[in-house]
Amino acid sequence: MKKIEAIIREEKLAPVKKSLEDLGYYGMTITEVGGRGREKGIALKWGAKEYRVDFLPKLKVEVIVLDEDLSPVLNAIVRSARTGETGDGKIFIIPVENAIRIRTGDSGSNAV
Amino acid sequence: MKKIEAIIREEKLAPVKKSLEDLGYYGMTITEVGGRGREKGIALKWGAKEYRVDFLPKLKVEVIVLDEDLSPVLNAIVRSARTGETGDGKIFIIPVENAIRIRTGDSGSNAV
Amino acid sequence: MKKIEAIIREEKLAPVKKSLEDLGYYGMTITEVGGRGREKGIALKWGAKEYRVDFLPKLKVEVIVLDEDLSPVLNAIVRSARTGETGDGKIFIIPVENAIRIRTGDSGSNAV
Amino acid sequence: MSINYADTAWVLMSAAMVLFMTPGLAFFYGGLVRRKNFLSTIMMSFACLGLIGVLWVVYGYSLSFGPDKAGIIGGLDFFGLAGVGQEPSSVYATTIPHLAFMTYQGMFAIITVALITGAVVERIKFSALMLFSVLWFTFVYTPVAHWVWGSGGWLAKLGVLDFAGGTVVHIAAGISALSLALLLGPRRGFKEKEPMEPGNIPMVALGAGILWFGWFGFNAGSALTSGGLASSAFVATNISAATAALVWMILSWIYRRPSLLGVATGAVAGLVAITPAAGFVQPIMGIPIGAGAAILCYYMMLFRAKTGIDESLDVWAVHGMGGTWGALATGIFSSVAVNSAGKDGLIYGNPKQLLLQLIGVLVVWAFAFMMTWVIGKVVNATIGLRVSSEEESVGLDISQHGERAYGGPLR
Amino acid sequence: MSINYADTAWVLMSAAMVLFMTPGLAFFYGGLVRRKNFLSTIMMSFACLGLIGVLWVVYGYSLSFGPDKAGIIGGLDFFGLAGVGQEPSSVYATTIPHLAFMTYQGMFAIITVALITGAVVERIKFSALMLFSVLWFTFVYTPVAHWVWGSGGWLAKLGVLDFAGGTVVHIAAGISALSLALLLGPRRGFKEKEPMEPGNIPMVALGAGILWFGWFGFNAGSALTSGGLASSAFVATNISAATAALVWMILSWIYRRPSLLGVATGAVAGLVAITPAAGFVQPIMGIPIGAGAAILCYYMMLFRAKTGIDESLDVWAVHGMGGTWGALATGIFSSVAVNSAGKDGLIYGNPKQLLLQLIGVLVVWAFAFMMTWVIGKVVNATIGLRVSSEEESVGLDISQHGERAYGGPLR
Amino acid sequence: MSINYADTAWVLMSAAMVLFMTPGLAFFYGGLVRRKNFLSTIMMSFACLGLIGVLWVVYGYSLSFGPDKAGIIGGLDFFGLAGVGQEPSSVYATTIPHLAFMTYQGMFAIITVALITGAVVERIKFSALMLFSVLWFTFVYTPVAHWVWGSGGWLAKLGVLDFAGGTVVHIAAGISALSLALLLGPRRGFKEKEPMEPGNIPMVALGAGILWFGWFGFNAGSALTSGGLASSAFVATNISAATAALVWMILSWIYRRPSLLGVATGAVAGLVAITPAAGFVQPIMGIPIGAGAAILCYYMMLFRAKTGIDESLDVWAVHGMGGTWGALATGIFSSVAVNSAGKDGLIYGNPKQLLLQLIGVLVVWAFAFMMTWVIGKVVNATIGLRVSSEEESVGLDISQHGERAYGGPLR
């Protein structure tokens, strides 16, 4: 099992959800986060002066997937979250040792 | 060391806390998240029409535990967070390579 | 690659950011969380009565780093986030299997 | 009689201020519920602005203040405002246009219905609340208003005093709140003591501020004329509110820590209690009346909590009991030196007035409780009072109104 | 003529209430936008309080109400309040100080400009908005106010009726909003149907509450005297607001679920529509006028959405169309029995008044639309109307004002 | 003399509006602090509504306005409102009930004490603030009010002019704020420049809107009669507020970006500065007075920040310095043509008035600063002024009041 942590633009939630649903992946957890990337935020101008907007609001989407589903899910997210401009976000893949469904106590791949 | 990520109902925070305290586990971190499971949220009716409520508010409880404590802590969470109805949530177990206590700089099992 | 999850005091965000920038690390994600440590929060007094403040607001700072950068980044965070008093927070290190930049689709160390 | 422009300006301003109290109440109540029911709670008050606002001019005013039928109800002569014009009424507030009196009274009807909603937040079906409101307004509010304030109303003729609505507004609403809450049952999780912390206390404070401001229109406006009596009622109102806020703060301090919710609730309790008395008592009597209100309502709130009854926002404890105390206090402290249209009370050697006040209280308690019970039963039997368990757990904002308080991807 | 103190108190209070509407509008609009533009939207209204507040006393009042020049505009005789003192004006509101009349009118100018901003939120450059406001106030508001309300104004002389600003305020603002929105283009992501949920609906409700309260000053204050006419206008206002709130709630219920946004918007639509009519119609006519407003504006809102025009907060649908309906309704329902300075309308056998009203509407529609277009073009050509794409996506709070609604490390 | 109903309506409405300013202030201040101290800051103002509201009727009014003792203080003749009834006072506001005058003045006392709290937010013990407030009200407010406004007060007899409280309210509060802040020391983290961003700027704007609205009651109500003078003061107030809001916006624009906080603060500064002058100057003088206030207070705020003094919400810079400027401006711009009870100022050839104003300013500066220092020392020595370091870092909402602004599992 893997945990996919995707940091995406807020406005891309709907397409990302859609693309995962199309794969049959409904379960996910989202968190409001702030992020900045290599560019140290966005540089804007006011008159002659330049200033930077540091952290920008982002959404963190977490999806736990079975190993075999990893790459289609990743592809789906990349495809649906992309605009091609800076700030599109990142995806991190983290190993998951186990999962448990609280309602039933089931664990392992049944629980995802 | 493991990180336990439990996605629970908001109203279950108090019992979960209690059950962990009973085991001597006080440290934890909580985050407000939104989640949906396999059922794509909840289906409700308004008159004849059906509609779905997508993301529901959940709490993410993170507890870092030593390997030997993993299973009692998991049991405690499952027991205290369960209602038996859909939406009870999930627990994911993630490997942790190290921990550091910022105050002292201690690392490893001392830091948990 | 590793994910550094640092739970820090809210007011330490600026120094932590600064110390990471000095190392050339700009990318990070932050989340508002609540936390408590071993001490079960803070004990305060009102008149003769004692009471506890349970969860305190904290910030979670997540930084994905390449393996070789791990220790300087950890040092920087510990140094800049410390006050020496209880509540300074913790750092957890979690393995990351891969990273993807959504904008380009690049993965691996290029994506961090 | 000819129109006095100053009186008219005063009553119109007061009417505007009483109208403003209903949004104030919306925030007072809205801040006390959980985030997922914030909008739905606000909506309950706002819907009254529309619904009761319309019903009042169609038939409510006529039933309340139309020509008396046997002391019980007004006739339909003023249906659709027929005969209610720019000239003064011949019986009510004879120095201002009949329209001004009519609309001023209408603002009271709106907020009375809105007050009840505090008992049923977080679980009532909106459709049920609307139906209930129409029935309650028609079969409880209009008769009670007629009995107490209508020319020829039987409680008025008996000599029961109610300056600005302690009985008509606060007792009627507070008792009905209790009755309806009993019928509806507690919120899901209430018995299990799940946390139900107020979602937004600053909004409670905002609501309290607006209510305090508007209450001057409510009480001092009830003089229906500018001048000495209005001033006296104004001052009594402020003294009672301030005293009760202070005393409640001290109570909360003794038991725990001085609480902003306590100050806000205390102020409202003080305002409620002075309502029936404002224009009958020496203003300084606001001190005992306000202090009494804070103490009584505080302990009634604790008592209510102990019973396990989920009368969620304590309309009964604050408005019902506060209004009861105020009505009785009117019988204790009132003085003809303040208002020649009033009576001397107990402390001026007239115990009979206290007895009359007690009768007024008992009558309205009994009538409001039973009628509400019946109406609630009817609504429950027809369209059902309560949302489903899932709807309740998702929250009424989404399930009843399809809206969320705050936008953004979650919550 | 000598000063009537009651009239003065009434008009001053009304002026204060109309001033209070602009912060109310700030919250009504502010709650409707996304969190990142919350402050900037509030700012648009607050800036009008400063900017138009000053311009009004410098030259605005004089252009609007100064001695008539050919029916088109007022002279500069009152520049800097010269000759505007504690004595009554000889032509306007002759029972109150000229200063009171002047400041009361000024509050209308402020909110009219603020109303337009609803069309351009979340993307206009603040500097451009300021420049636009100065020009629009000077070249649209002051002439239209003169035509309709100025002594000698050509529409007034023609016989067009506008009691409290249906034409001057709401049509002018609503049509200009449409014109400016067309020029500015839609928000980034609007065409792609990105979610743009309101960021804070409780604040919309708060704004609606303040607006409703203040509107009594707006409409009943426009009698410029206390007494029967003010009372009549007051009641008409409340009836129309309540009816429209109720009807809009029902409409939202039919299509989806009863909506708090719907009640709030409906109330505003009802208040808009009754504005020109309030002091000319029997108060009970607030029922058809309010119901008509709710239905018309509701469908106009859906229609606007379908066209794909991003007139973001529906100023056109609510104020433009609501004002248009109100202006025509004045021609239908007005009655000299209510106001001897008025006219009988269609239902009292005078179709001519409806025609006159139609002329007033058409003139102001055309003038406001075209002038706004020209002014917008000028501003665009000089300093540019729109923020950059990055600024828009970061949000105007940070990019235009360097502030965020809520502190804390993020958001 | 007999009661004028219009004057009474005007003063009562004004009293209600001034009362409403205190909740407004609660939000203005509350929005400026960090989330963890939001409630506690609101509470500081609300507690004054209770505490000072009661003390005022018990002995405060008597000390301020009771029969003069040597120009220094009023006698206790009006203790517990003895002799304060529906008839007019023989010396103050002789056309309205004595009760109306009394309560109107009381609203000023409440907000004056509340104003000071802006200096000590986020770190003062609530018990200490309560004790301080009682002492300050008794030993600073009541004498200063007597000196300036009491019949026989020595500053009044000297000829110092203060129409609506520039000296009594704003200088007294502003200087005391500075004094108390110096005694209390800076917030934890202030020296280390930890971020202390305002937690909720929309609430600051809401507070500013309510304050602006209420200030008409404050200033125009101070005419104590409806009519020309009230109108003149009303207009002066609005002009000064609008000008200062605009000028402050421009200043913030020059240095950074046009700021909503700037508009809100500017409006307040303009309202403060016009307060002592409102009924003595030509309304158009609101332009120089408001502009002067914005510029002076803006730079005083920067100066204060540079000194490293944590007078947290700039009560000194805005109210202290704004009030000082207003008091002096009264000596410059006042004109007997506006108010026959006033004096001509410097620009009308009477430099003496400016000197008198300067004396008034200096006396109140010195008295307020020193008395506050002494009272603060006494409170510190007895119960201690400051919360513990842990309590401060947890926030006063929890540590002093056991409440959190927003429910929910965290924050």
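A, B, C, D, E and F label the chains in the order they appear, each numbered from 1.
Heads up, the rule we're going with is that a residue touches a chain if its C-beta (ideal position, glycine included) is under 8 Å from a C-beta of that chain, and two chains touch if they have at least 3 such contacts.
All values derive from a computational prediction rather than experimental measurement.
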Comparison of C-E and E-F by number of C-beta pairs in contact, larger one: E-F
CA centroid of chain B to CA centroid of chain F, Å: 50
Distance from chain C to chain A - Cα centre to Cα centre, in angstrom: 19
Of all residues in chain A, the ones touching two or more other chains: 13, 30-34, 46, 55, 94-95
Shared-contact residues (touching 2 or more other chains) in chain D: 4-6, 9, 13, 17, 195, 200, 206, 210, 256-257, 402, 408-410
Graph class of chain-chain contacts, one of line, ring, star, complete, other: other
Chain pairs that touch, as defined at the top of this document: A-B, A-C, A-D, A-E, B-C, B-D, B-F, C-E, C-F, D-E, D-F, E-F
Complex contacts: residues of chain C adjacent to chain A: 1, 3, 17, 21, 26-31, 64, 94-103, 105, 111
Complex contacts: residues of chain E adjacent to chain C: 408-410
Chain F residues within the chain D interface of the complex: 3-6, 8-9, 12-13, 15-17, 19-20, 22-24, 26-27, 30, 38-40, 42-43, 46-47, 49-54, 57, 80-81, 85-87, 96-97, 99-100, 102-103, 106, 126, 200, 203, 206, 400-408
Complex interface listing, chain A residues touching chain C: 2, 6-8, 31-40, 54-55, 58, 60, 74, 77-78, 81-95
Parts of chain D lying in touch with chain F, wherever the complex brings them together: 4-7, 9-10, 13, 17, 34-35, 195, 197-202, 205-206, 208-210, 212-213, 216-217, 220, 225-232, 234-235, 238-239, 241-246, 249, 256-261, 263-264, 266-267, 282-284, 287, 338
